[in-house]
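For reference, chains read A, B, C, D, E and F in written order, and residue numbers begin at 1 within each chain.
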């Protein structure tokens, strides 16, 4: 991952911030399992497993805290 | 999800903030499993599983931290 | 839940704040499983399961962070 | 629990703050399972289960964040 | 644990702060399971279990948030 | 680990901050399981286990909160 994939935590809207949080959650998985092939195989299984869907939603929630704080909660 | 579903983190009351937190938790699942059909099937199972209900409640709690901070804890 | 059940995050004491945190944890479950009958059945099981008791205690802990911050840690 | 068990989040030292955090974690369990008999039976099991010991340590960690913030990290 | 084991959250460097966070995670386990013998037996098992290693790493991460904040992120 | 591996939490960009968070998550595991041999064996298994990949991503998320705050969210 030599590319720039995270130039900034600023987003125009809370919704874009939420999408960024989801991206960060995915990149966190990618750093541990770099093979796209294996990730795709795993995805087929965990997309059908509500425990893992809730766990994924939790990782997004933690990142959304960070992104929201970085954007001063889009108050400005 | 091209629609605007999160225009702001501001809510009139803590209770509406809690409901927004629950919505964010659901959207976090939806981003990972976009099929409403599959989500409905999974819901039938996890609604009967206290471990998953507690896990869902935890994701709401994390989002409520964010929403509450965004609203300055409704102190104003 | 059309009633007002969360008018404010302010409590008179830390202890009342802790009780409010426990209430928020319960409401988080209720939003996902609205049937009181099913919740009662599940409760009978998870009250005997230490893993789930610890998980419940964790959700309370997360909400207590929010309630404590909202009350400026009852410093005033 | 009609008694006052949490009059304040202030402690004299970080160490006392850590002990308060451990107490809050225990009370969180107690609120969900009020029977001391059942809790004692469960304790015998989970004290031998490293997964649950780590989970307990995590709940303490979350409460310690709150207690530490309440005490301004004992910087004063 | 009558000794003073946590006189302060201040550390000279981020690295020492991380080591303090790891210590706090261990003490959290110790408060729940005071027997060193039992903890040693459990350690032999969970050191070979990646799920528990990740869970331990998570408890350290939570404590590191606290220690880092207490040290104003070693910015001064 | 006598070497200096964490001289600072400052990074030039959010992306480098994310990579530092991933490093902190790995070091957290290393502190509990110091043997590189055993960690390598475990990695072969958990890299194929989506539950553990999501859990790893969560630890990174928690550390990223710390690193992002330390860098004032790279706003300056």
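To be clear about the criterion, contacts are C-beta pairs under 8 Å (C-beta built on N, C-alpha and C of every residue); 3 or more make two chains touch, one makes a residue touch a chain.
Everything quoted here is computed from the prediction, not taken from an experiment.
Participant: Quick check for the class: compute each chain's Cα centroid; which one is farthest from the centroid of chain B?
Facilitator: If we average the C-alpha coordinates per chain, E ends up farthest from chain B.
Participant: Given a C-alpha superposition of chain C onto chain E, how large is the rotation in degrees, taken in steps of 5?
Facilitator: 120
Participant: For the copies chain B and chain C, give the interface type as same if over half of its residue numbers appear on both sides, and as different if under half do.
Facilitator: Since fewer than half of the residue numbers are used by both chains, the interface counts as different.
Participant: Taking the mean of the C-alpha atoms as each chain's centre, how many Å separate chain A from chain D?
Facilitator: Using C-alpha averages as centres, the distance is 31 Å.
Participant: Centroid of chain A to centroid of chain B, CA atoms only: how many Å?
Facilitator: 16
Participant: What are the residue numbers in chain A that touch two or more other chains?
Facilitator: 49, 51, 55-56, 58, 62, 65, 69
Participant: What's the contact topology between the chains, one of line, ring, star, complete, other?
Facilitator: ring
Participant: Can you trace the ring for me, chain A first, then chain F, and on through the rest?
Facilitator: A, F, E, D, C, B
Participant: Touching residues of chain F toward chain E in the complex: what are they?
Facilitator: Residues of chain F touching chain E: 4-9, 24-29, 31-33, 38, 42-43, 45-46, 51-52, 55-56, 58-59, 62-63, 65-66, 69-70.
Participant: Where on chain A does chain B make contact in their complex?
Facilitator: 13-15, 18-19, 22, 47-51, 53-58, 60-62, 64-65, 68-69, 73-75
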